[in-house]
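Going by the order they are written in, the chains are A, B, C, D and E; count residues from 1 in each one.
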Amino acid sequence: MNKNAIISRLLQMVIVLIGISFLTFLLTYLSPGDPARNIFTHAGVMPSSEMIEEMRKTLGLDKPFFTQYKDWLFNCLQGNFGDSFMLQKPVKDLLLERLWPTLKLTLASTVLMLLFSVPLGVISAVNHNKPIDYFVRMITFFGVSIPNFWLGLMLILIFCVKLGLLPVVSSAGDFKSLILPAVTLAVAMTAKYTRQVRTAVLEELHSDYVIGARARGVSENKILWGNVLPNSLLPLITMLGLSIGSLLGGTSVVEIIYSYPGLGNLAVSAIMSADYFLLQGYVLWVSVIYMLINLVVDISYNYVDPRMRLRR
Amino acid sequence: GGGDKKDAPKDGGKAAAKTLVFGCQMYADGGIDPSAQTNTAWNCSRFGVGQTLFRFDDNVKPVPQLAESATPSDGNKTWTFKLKKGIKFSNGTEMTATKVKEYLDWIREAGKKGSTRPQQFLDFEAVVTADDAAGTVTIKSKKAYPNMAASLADPSMVILDVKGSKDMKNGAIGTGPYMVKSFKNQVGYEMVANPHYWNGKVPYDQVKIMFMGDASAKANALRAGQIDLAENIMNVADLKALQGDKKFTVQIAPGTRCGFSWMNMKQGRPLANKALRQAVLKAIDYKTICKSNTIGGLYTPGPSVIPSSLGYGFDKLKNPYEYDPEGAKKILDEAGIKDTNGDGIRELNGQNIQLRYISYANRLLNDFSDAHTQYLKAVGIGVKSEYGSSDDQWSKLVAGDYDFNNNNWNSMIAGAPTVYMGNWYSKAEANYCGFKSDTYDKAYEELLTTMDTKRYAELMQTLQQTLIDEAAVLVDGYYNSCIIYNNDKVGSAHMYPLDYYWITDEIKPAGAK
Amino acid sequence: MFDEKDLLIDARHVTRRFPTNDGRLLTACDDINLKFYKGKTLGLVGESGCGKSTFMRFLVWLDYPTEGEIFFHGKDITKMKGAELHENRQHIQMVFQDPSTSFNPKMKIKEIVCEPLLNFNRIKPSEMDAKARELLELVELPGDFADRFPHNMSGGQRQRVAIARAIALEPEFIVMDEATSALDVSVQKTVIELITRLQREKNIAIGFICHDLGLIESFAHQVAVMYLGNIVEVMPGEGLSDVCCHPYSRALLASVFDTKMDFTKKIENIKGEPPSPLDLPPGCPFSNRCPHCTERCEHEKPKLVELTPGHEVACHLFTK
Amino acid sequence: METKKNKFLSNKGFVLFSILALMVVLVAIFAPVLSGGVDPTAGNLADAIMAPDAKHIFGTDKMGRDIYARVLYGARISLVSTFALVLTVFVIGTALGVLAGYFGGWVDAVIMRIADMMIAFPGLVLAIAVAGMLGASMRNAIIAIALVTWPKYARMARSLVLKVRHTDYVYAAIVTGSSTWRMLWKYMLPNTITTLVITAATDIGGMMMELAALSFLGFGAQPPTPEWGSMLSEGRDFIQSAPWLMLYPGLAIFITVVIFNMLGDNLRDILDPKEE
Amino acid sequence: MSLLEIKNVDISYGKNLTVKNCSLNLEKGEICSIVGESGSGKTTVIRAVMGLLPGAGRVSAGDITYDGIDLLKLTHKEWRKLRGHDVSMIFQDSGAMMNQTRLIGDSYVEYIMTHEDISRKDAWAKGVEMIERMRLPDGDRVMRSYPFQLSGGQRQRVGIAMGMTYQPKLLLADEPTSALDVTTQAQIVRQFMELRDEYGTSIIIVTHNLGVAAYMGDKIVVMKRGEVVDQGEREYILHQSTNPYTKLLLDAVPTLGGKRYV
């Protein structure tokens, strides 16, 4: 990817982000809840209508929709995402605080996934249609079919409650409390990627250059490890970017089950308490991070794969 | 497992630091600034940091804590509090009358920004004067307070060292048995014993407060030994299992909260029909519900909106609507509310009854609503449930967009049910159900002004009985607070009806006297 | 040589530039002037990527030139739009190179050959069977093929179907983009015979793209040699090997292998590769590979000049 | 045609899982019969949380409802909503993807930018936001997931269209004067269908789980509707004391998802010979 | 004894008998052209010689002997020694037969180092030398390129360079010029001829182009539907063969100055 392409990608990103910000704002705007009232009810106070009116004014909720949107967007651009009603803190601080735990969880599960899926996928592909291949495929099927919210609870039951090996509540965010959430997230991903690796390796094994290498007398081992595997991992890079992105926005269930102090957990409670600024900030942030990750992945993919790097 | 092994030296002996690990729900953001939100004020009291001049005892009566006595004069408009001697804040500063005044002035000012609304408990205009020599604080107000000791027992009135607290949010300096050592967002607090504590030796050297998400997490963490003590496990199955487990003690206190469903009696609403309401009450077996595996132990059954334990004459109330499904059917039949089209649902004014039941996931409310629905169906009353967020429930309540609306409220704001009873006063904004009764209104207006406790009790009796007679409220039951501990770790703990007090000096390690 | 009355298509100064991803311009066709006459075949030869297809695609509205005009019956077809374009499509049809990819694999042969007729409401769907048979017989295929799918046929048969589809509308002009290069020589021969027969019968003009000078010589009335987006020589098809004189044309000629050649002869060939169409040389496009390259060739681009009627060449060797 | 039929029937896995899938469908259809006429929403609190016994073979839940009946009826909700969801994203995604791929230019740009937007949207958050706006219900959960899933289909359809968009046979059809509508309908669409059907088939399991996950979080089906995800969420509090509350609905999801995943995979093997 | 002897070979893909009873002899230094219609089994035959039949392909009957060795009985290890060393193969698109994501040099070095115990540096130098011998200027630059960065003609020459690294006794070429422009085709054909003249390599070349087949081949084999229908010396095939298919083919070749249809 050259400079122009990156610039145009960034421009597209900006357009998409404006769209997202608008949509987010619209969605929360249209939500039936009233944030002004929520501030009071959250604190256990029954507000009078004057109190609500006053609060609406201080929050700027009495202005027309587009003015509100404009103000908000303008503030966001300056790094001010407003304050959370629920936690009474700047949204930016809250998100920053939660970002790292979620990233940590995402990365941990990704690493776990890679550790298992690559060898399994290769073994399966090399032994195509042999018993071990069937076995691995079977396992992967179970892996993708277990709902992670069920798996998580079962893991808690076994490892925390029955065996007492790991903490029930992962709020500490230390290494021990990372294990189960990461495993829960990794199971389905590992299953999915094992299949991907298998397919990719099989496909590569059928490509012309393998025949070429054989015709030159190159050994099968060299063909597999030196050529086929690196090539089949290339498309995985892009997939990985997408998965990391969707993990960022999709860890909620697992984070909730394990009381893990991450973004997903925060988002769900923001929604439950109609904490709109927090929610809007969250959506924007996750989208930006998601897009940035994908951009980085695309650039690196373009860099790693010479076909992309050097072709016109 | 259990405790924190790293912090506790294994050699045992006297040198071993005693540590308590407490699992609780994180309310608000876990802050303890009483001026910020109601919940942060509560946290300050609950975590053993701040203490009030008076506090509520097992009967929800204010009893002296930091103050010795409270004396009213000038028609209850002026109150003089005499402070106990020798009380120090955890930083060693003495709690003088000036310090108390400082706090009371500060909270009313700082509270304007937050949602605590300290003016509910102490009027903004009230003038506080301190007499350090006499050790008294005098408060003069234009408004009469039936019992200002109760008002000042609200957690927002914890006495803190305003000038000494550098970080009010997570490091407020109070007079409680424990003081904050460190705070970790979303994770919890590390507390240590207050070296200057006024009420004897502090039982634990350290207290770790861990925030945990849902009810079963607390139960599981208790079993796994991750925590020693937990508050309010709102899950009967877990609670029962823990009760049955010799390793744990479950302490249940009848609380001040009442779970009840508003019945919308506004014009044009089906429940404006009194016969229908009466049938509803008769159709529901509230005793079985509160005894069931699902709810049992967490709620105490009762027909009135004031919890039976609070001593507002519960025993003298008469309930004409004990569970009697046949009776319910009879009432309906007699009122002409019959099922003529044979679909199992009765019609009112020619239309199938389809009552909208709004509820939300809090303190088992959804379970009550489900149960009510089941019982009502059995007598031919159709119900459609709409379960959403608390926000949703609330907006529908205010908009009058419901037939039943289930919630759980604290009946004892500032130690008295006055505010709470206003919910059915026809001129109150908080009357969301359109209830109107002259008897009720008259009694309530008198309740607001009387300073006579006996008269107050009589009026309360009238109010409660009126609501029952008019079949105005569908009461779920009275919510019980609880505290659960691991017997190997904790020797004693106590739960009060008002759950302002979790970590107190009454919690002692196992084996300690 | 040709009667100007028979002039069917007149392409003038046609240029096509493609913007590339990195913002540069790729010149695929560079100021091309060509004339097509009724009932005659123009063969367009040249190396792969020199812009032959790009040019022919303008004639069937699959692409539009960046500059220049193409007149068909006096009207500039590059400006046509909407209904006018649709009407005119009937007159110009195309046969594609690869018979295996030029049909929708999910359609039956009869649907394929009758599609143009249905598109212009020339027949009703009920008449499809009969019409398909008729068309198939015209291209010497058994009528029963109407109910087959393309993948059940051989390459030569498929290419006949493609021709049947192209002539279904009785067009005045057919573009054939390497219409026979995917076929075996024996099949190629029969297809060429078919094409020339149909041309004679229906007086169709043909633009035929080809690599093989030997083949094009055998049936084209005029041949244009293209190199790097430029027409470097236009000459009559008959006796081509005698008159052709552009160094590139000669190189092409020398590259033809056939069974009647002298096998002991060493092959003469030109060196190197054509320059990238992304940066065209300022002078003659062939200058870097030409054995006769002079300094003038490197700086000045030669124009097409007429040597004899019907024979034009763009080379400094032949300009005085 | 003949050979195609054989291809399906000769694939043992496909036959097996088709039968199993059919059984799941039959369970859904005949839930009232199989449950012995027990109403899945009716119960008595007096019987709440009873361990499995002869009367309630899967035990009862916290409202005293029969879990066996609820699991059976749950198949109805799950299947109907999942099929509705898959169908919705399939139709919308394919249509938009085909349009974007065929027309290119600004049509493509607009559609794909919207798709990018929806993809970059954290799926669950949008789902919950929709639930917040329209209220929590299965229908809204479907809308929410559809909103974030259609881009996948659109992208796929688009890339498939682009693959043929520049083939000779498409150009040939344009040259012969085919109308745009015909191009889309006869050329672009059929070309995308097989792959997208395969994708949809393999997605059924995943979407079923996503819907269950939303219900689990309380943003999907509402009690007392017998839905597996919400049953799990209800049972979650009782994981220790009454594990049957979680076990049966969990198994139901797992088994159904496995069956549909396997079916989809076998279908892929049959329709897409490239894969193996 | 001939260098290569194919005797009554049948080749099948699974249950389909694709090539029937094929026999062919090749002497040292001889070039044999195989022509025939598409799908007639030309590629199959030379792949069988190389022991590289794709998928379920296998030789189901007959013998293939190379230099006295029965090729059908070789073990994997013996094959590896032979392939790329004594017997080389050149494909229609040599570029595609190299790993697209690795430098040509890397593939080349990998190849050299499987057959020879030399350092990477020497292997590289050897590659450069071979490439330059194929008249590609700047062999080092070519080695540092990816396959897709070269033009078709250049790639084909790299393929030939690789194939000729060990001066194989037998070179199998499957349509080595079909993907190229006519002018490039002429260059490649010329290079092939030079190989035989310089090293005495025996070549089997599969081609569609009868002109090329005739120009190169001492011997021409005509195949149709999996069978060898005609074979013999060039002169015989071009002028004396009575086989109708051969005649049909020859008749169809367009020749300059030959028959015109218009």
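The rule is short, and it goes like this: a contact is a pair of C-beta atoms (placed from the backbone, for glycine too) under 8 Å apart; a residue touches a chain by one contact, two chains touch by 3 or more.
All values reported here derive from a predicted model rather than from experimental measurement.
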item: Third chains touching both subunit D and subunit A; value: B, C
item: Mutual neighbours - chains that touch subunit C and subunit E alike; value: A
item: Chain centroid nearest the full-protein CA centroid; value: A
item: Contact-richer chain pair [A-C vs C-D]; value: C-D
item: Rounded Å distance, subunit B centre to subunit C centre (Cα mean); value: 89
item: Distance between chain centroids, defined by C-alpha means - subunit B, subunit D (Å); value: 44
item: Distance between chain centroids, defined by C-alpha means - subunit A, subunit E (Å); value: 52
item: Junction residues of subunit E - those touching two or more other chains; value: none
item: Of all residues in subunit A, the ones touching two or more other chains; value: 32-33, 156, 161, 256, 274
item: Overlap residues in subunit D, where contacts from two or more other chains coincide; value: 132, 236, 239-240
item: Chain-to-chain touches, reported pairwise for every pair that qualifies; value: A-B, A-C, A-D, A-E, B-D, C-D, C-E
item: Residue ranges of subunit D touching subunit B (in the complex, touch as defined); value: 42-46, 48-50, 62-64, 132, 135-136, 218, 222-224, 236-242
item: Of subunit D, residues touching subunit C in the complex; value: 167-169, 171-179, 182, 186-187, 190
item: Footprint of subunit A on subunit D - complex, ascending; value: 113-114, 116-117, 120-126, 128-130, 132-133, 205-206, 209, 212-213, 216-217, 229, 232-233, 236, 239-240, 243, 246, 250, 253-254, 257-258, 261-262, 265, 275-276
item: Footprint of subunit A on subunit E - complex, ascending; value: 50, 52, 54, 76, 79-85, 88-89, 91, 93-94, 96-102, 107, 110-111, 114-115, 146, 148-149, 162
item: Footprint of subunit E on subunit A - complex, ascending; value: 208-209, 211-220, 222, 226-227, 230-231, 234, 305-307, 310-311
